[in-house]
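What follows is a pair of complexes built around subunit A, which joins subunit B in one and subunit C in the other.
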Partner chain A sequence: MRFYNNLTISQKQIVWAWIFLALPVLFYVVIRFYPTANAFVLSFQEWNLLGDRKYVGLENYAKLFSDPVFWKVFKNTFLYLILGTPISLVLSFIIAYHLDKVRFMHGTIRALYFLPFMTSAVAMAWVWRWFYQPVPIGVFNNFLASFGISQIEFLSSTTNALPSVLACAVWAGLGFQVIIFMAGLRAIPQSYYEAARIDGVSTWTVLSEITIPLLKPTIVFLVVFSSIGFLRIFDQVFNMTTNNPGGPLNSTKPLVLLIYDTAFNGFNMGYAAAQTVVLFTILLVVSLIQLRLLKDS
Partner chain B sequence: MKLNRLRTFMLGAATAAMTMAAGAGGASAVEIEYWQYFFEARVDAMDKLIENFEAANPDITVKMTHFPYDSYRTKVAAAIPAGQGPDVVQLFYGWLNDYVEAELIQPLPADTFPPEKIEEEFFPMVKAMRMGDSYWALPTAVRSLALFYNERMFEEAGIENPPANLDELVETAKKLTKKDGAGNLTAVGLTTGMTAQDHHWIREVLIRQFGGEPYLDDYKKVNYNNEAGLKAFGFYNDLQAKHGVTKAAFMDEPQAAFKAGRAGMHIDGSFRIGALESVRGLKWGVAELPAGPDGTKSNYSSYWVNAITSKAEGEKFDAAVKFMEYLTSDEAMQIWLETVGELPAKPSAAMTDENINHPVYGPFIKGLEYAKTTVFANESAQRQAMVDMMQRIELQGQALEESVAQAAEEEQKVLDEYYKK
Partner chain C sequence: MASQDIAVKPSTDALFSGSSRNSRRNMGQFIRWALLFGGGILMIMPIVFMVSTSLKFPFEVYNLNLIPEEPTIENYTYVLEDGRFYRWFVNSLVISIVTTASAVFFDALVGYALCKFRFPGRYLVFIAILSTLMIPTEMLVIPWYLMSKSFGWLDTYWGIMFPGVMTAFGTFLMKQFFETVPDDFLEAARIDGLNEFQIWWQVAMPLVRPALAALAIFVFLGNWTAFIWPLIVTNSVEMYTLPVGLSSFGDEVDVAWELIMTGAAISTLPTLVVFLIFQRFIIRGVVMAGLKG
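Let's turn to the complex of A and B:
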């Protein structure tokens, strides 16, 4: 107690700060950092969930890098990212930009866009899955068939399946991105636009010289956020392809699904941990690169 | 988990208090724990079994705990080595190797469960539970495959009897298939889907019917990349490619197509009975799987088993043995059949006149007599090899021989990796 009494005010403030911080710090150490560290250790071991863990050195990683399925999955994961992030960003910006100008039923329209984001990903994926089915049940194909156009294989084609799954994922995330973009647009002071109007600047110049530059923090946030989302895509893929997860012929399988399959169907926990470490590394690298590239120079 | 532990603690405390109150007099009751994964009908059936068992053995109480399927294995693995958890545990037959290796279960005592007696009393596929001189686990109920057929569609097409052999299967399916003006299938004669039960049908039924043996060396060596295998996969592939009586994953899932009345025939397990019974307006019947070209009959059976864990010792072990005896009795099997719809594991309980002539259970039970059980190293990976095999042929135009060879190689790799340990 005497020790505490001898402290200066600012030192006391620090002590109290740490006392209040102790709980979240403890929480993070036990719930986040310990399992993460454990996963790193596990990636050098062999374990089937039962019995003892056995050290196998780099065997899991060697196996991973020589597995053609892993490289296929690696490619898929980046396809989700490279297609998903720009498409969803451009779409949501266009929607937000125009929605911002709409006065008529503004709230209702905004709510409609946000609705998919509040819907359960599982329910949504199943509905889309049924949309995509061939003739007797699929909405899209029934529509095509009623005009005498031949059917499109959506989920049962090795080339169309990934974009089909992605479309659902983009649509699901759109509402959130629109809202964030609109908040960003509202935060831009009106005076800039007024000044531009007085100067008689074209709409295009306003967009490229005022709106987009001032939206940069919003864009950075959304790029990083949605990239991480697409790199970790799982719900949509798993639910749209449950019979043959990640199929056909691994054409839609993302890394997270591979990890799930290795861990909870193959009970090969060490190998799954190695895959997790690779995913972690990818997420870290991609996020760092994006932050660096998009940071204010 | 925490709540459970608290409950166990409170229960323990209460029991202790009661024992003390009762004084040093009468013998204290033994409590054993039983674990299974959560599936409503299974839990209901087990509740009934426990009630009957406790009535017959007033000095033993059985406490059942159940978990969601996905966390079941983890919980078992964590609890038993820590001296916690179940004395009698339920596991899938395919997990036996892993459980034995991890020393989670102990062999059934030979005086109560002599191997010769088990082999005499149970259906032959239960042999997979024998390792060395003893049995490690025994099922209460088993599942087998049969052919479901839509009676309305049969009537419409003027078909009287379900197909008895593979040729008839193709002919019947042709009559049941319906197409719209553009040639799109609107109803299939027979559902197919390697991701459902078809990989079992091919492995243990079709390959054997075309004269082959799917695996050698206790299921450690793939043996279908040969004439019999090619014939079997060829027959299966022709259903869609040549006869056009089916489409893989028609209406998303085979059972969905059958439920919707858009499939004439559907091969599935006995566990599907309950789901089909609740479909309004669907009139369906069940028949034995069609026989092979030379009349060979075969079937695939899978099952969940019960075992005594390594944690059970002393009087708990004795109580666990008694409980196991009850779980493998004819009475328990009949209750399980009536509650869950899974078939008795012993001919004495299964082959009663009533069961065998039962319009729904009968064909499944007849199938048990000649059913085989695949010993899987990793069922999902082994299934995947077959799923990919058919998709390479359908989507990428790979030749059948090449695709079968590749699948055999992939599956062998899965087996080798598992058994090298």
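Let's turn to the complex of A and C:
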């Protein structure tokens, strides 16, 4: 204690800072940085959990890039991104843009759109899975049947399954994006709109010259945020296609599900680690490209 | 209010003039309202169907009526008496509450230290913590699994919780909010003889209470709905969380939809009820966390 009392104020601050940070720094090193390094190292090894870890150099990566299943999965992952991000952004912008101008029951309508965001993905995957079933079970097909329209295969068709799973994911994330867009719209000063009104500018011009350019930070945030979400899609796919996760015929399988299968059904830990490194690289590259493109233009 | 309306929709004034202007505008405004409201109803249909089916007897499940002819809570008593769902509910609740308390405490602690203390290595620690945001959970689950296996954490509460007891996102968020706390307040407390921990806990923390609550909501929701890690780390039915338990019914050939919907409702309704009670507050929190974080 005497030692402490002899310290200057700024020295005392240093002591306190490290008292505050000791446990957290340990946590970040042991639970975040060490595992990250471990994943990279493991990606150059072969290991089935039982024997010894064996260095195999780039073999895991070579095997991955020559595996047609990986390329199928790679394509699926980007399909989720390329379809999911624009669809959910455009939809949520349209909703936010109009909802911003509605006063009557504003809070209630906002709550209706936001509610799905508060649900558990697994629970809702089950609800959508039920909706997609053939008659007499499924809601959608029953609805179609009541209009005499022929049945649609949703989850059992290799072409329809991915968009069907995606619809559930878009639905669940929409409310968050609407709320963020509305906050962005609120932040635009009214004086810009008043100036435009005095000049008699058309709605479209206001939208393209004032609203959208001033929303750029919001748009950048949402594009990056939702892209990362779609690239990491797992819960919905795993739970809507459980009899054969990622099926039919791998047509819905995203990268995270491939990682899960390789590691925890196949116990190829090294091979799975290589897949996680690929996922990490994809997320990094996609985020950097989007930040660059959206910030510059 | 009226002037604001006009300001928001400038072109309507330019396009329509004279006496028909107001009625045309009102009509347009009504159509906009009706479409938005209809869309909102569509948005909650999955939730409505889920709840409605959970209140039906099996024979009525394939009827698409929203209000059950003979409503029953038998599915709920059946599911809860079965014991599994009850156990999973308790697991999820304990894990979410403990993790949330821990994450809010430590994120605020670290955020405060990084914001208010001057010490060598401050910038490095901040960048290091922030950089972990770039690492996807999916990359860490394999090393975490190996770690849990060698420490005997598999299939335990601690095993489910340990990756989330601190979050980089929360640390960053809290650091941002502690910037708004004036240093004078802390200095005054220092002169009053409080130690640094007391200053943080008694002076600074109450000033960022809304941010703490927003963070708590985010962390709780994240843990309540977390799926991939609990799926990996648990293997006995008693240790499942609600999402993992619900997911385990996927292997069954004959799905009893009314029971599945009951399980889904049990795992969804708590967060929905919390949302409906604290709606305004939660939405503000989401915006705050989304934009600052």
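Basically, the second predicted complex is superposed on the first by the 268 of 297 C-alpha atoms of A that agree within 3 Å, B and C clash if a C-alpha of one lies under 4 Å from a C-alpha of the other, contacts with A are read in each partner's own complex, and residues count from 1 in each chain.
Going forward, a residue touches a chain if its C-beta (ideal position, glycine included) is under 8 Å from a C-beta of that chain, and two chains touch if they have at least 3 such contacts.
None of these values were measured; they are calculated from a predicted model.
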Legend entry - Simultaneous placement of subunit C and subunit B on subunit A, clash or fit: clash
Inset, instruction - Check whether A:Gly148 is in contact with subunit B, with subunit C, with both or with neither, and answer first, second, both or neither. - result: first
Inset, instruction - Tell me which partner A:Phe264 touches in the superposition: subunit B (first), subunit C (second), both or neither. - result: both
Inset, instruction - Figure out whether A:Ser157 sits in contact with subunit B (first) or subunit C (second), or with both, or with neither. - result: first
Legend entry - Partner chain in contact with A:Phe74 - subunit B first, subunit C second, else both or neither: neither
Inset, instruction - Report the partner of subunit A that touches more of its residues: subunit B or subunit C. - result: C
Inset, instruction - Based on the superposed arrangement, let me know which partner A:Phe93 touches: subunit B (first), subunit C (second), both, or neither? - result: neither
Inset, instruction - Would you sort A:Phe44 into first (subunit B), second (subunit C), both or neither based on which partner it touches? - result: neither
Legend entry - First (subunit B), second (subunit C), both or neither touched by A:Phe181: neither
Inset, instruction - Look at A:Ile137 in the shared chain and tell me whether it touches subunit B only, subunit C only, both, or neither; answer first, second, both or neither. - result: both
Inset, instruction - Scan A:Lys101 for contacts with subunit B and subunit C and give back first, second, both or neither. - result: second
Legend entry - Common interface positions of subunit A, toward subunit B and toward subunit C: 130, 136-137, 243, 264
Legend entry - Touching residues on subunit C, where the partner in the complex is subunit A: 1, 4-14, 29, 32-33, 35-37, 39-41, 43-44, 46-47, 49-50, 53, 61-62, 64, 106, 109-110, 112-113, 117-120, 122, 125, 128-129, 132, 134-136, 138-147, 162-163, 165-166, 168, 171, 196-197, 200, 221, 224-225, 227-228, 232, 242-244, 246-247, 250-251, 257, 260-261, 263-265, 267-268, 271-272, 274-276, 279-280, 283, 286-287, 290-291
Legend entry - Residues of subunit A defined as touching subunit B within the complex: 48-51, 129-130, 133-137, 145, 148, 150-151, 156-158, 243-244, 247-250, 261, 264-267
Inset, instruction - Spell out the residues on subunit B that touch subunit A in their complex, using ranges where they run on. - result: 70, 73-74, 76-77, 98-99, 101-104, 180, 182, 184-187, 193, 195-196, 247-253, 262, 378-381, 384, 387-388, 391-392, 395-396
Inset, instruction - Within their complex, state which residues of subunit A touch subunit C. - result: 10, 12-14, 16-21, 23-25, 27-28, 31-36, 38-39, 42, 95, 98-105, 107-116, 118-124, 126-128, 130-131, 136-137, 139, 142-143, 171, 174-176, 179-180, 183, 190, 193-194, 196-197, 200-203, 206, 221, 228, 232, 234-235, 238-239, 242-243, 256, 259-260, 263-264, 269, 272-273, 276-277, 279-280, 283-284, 287
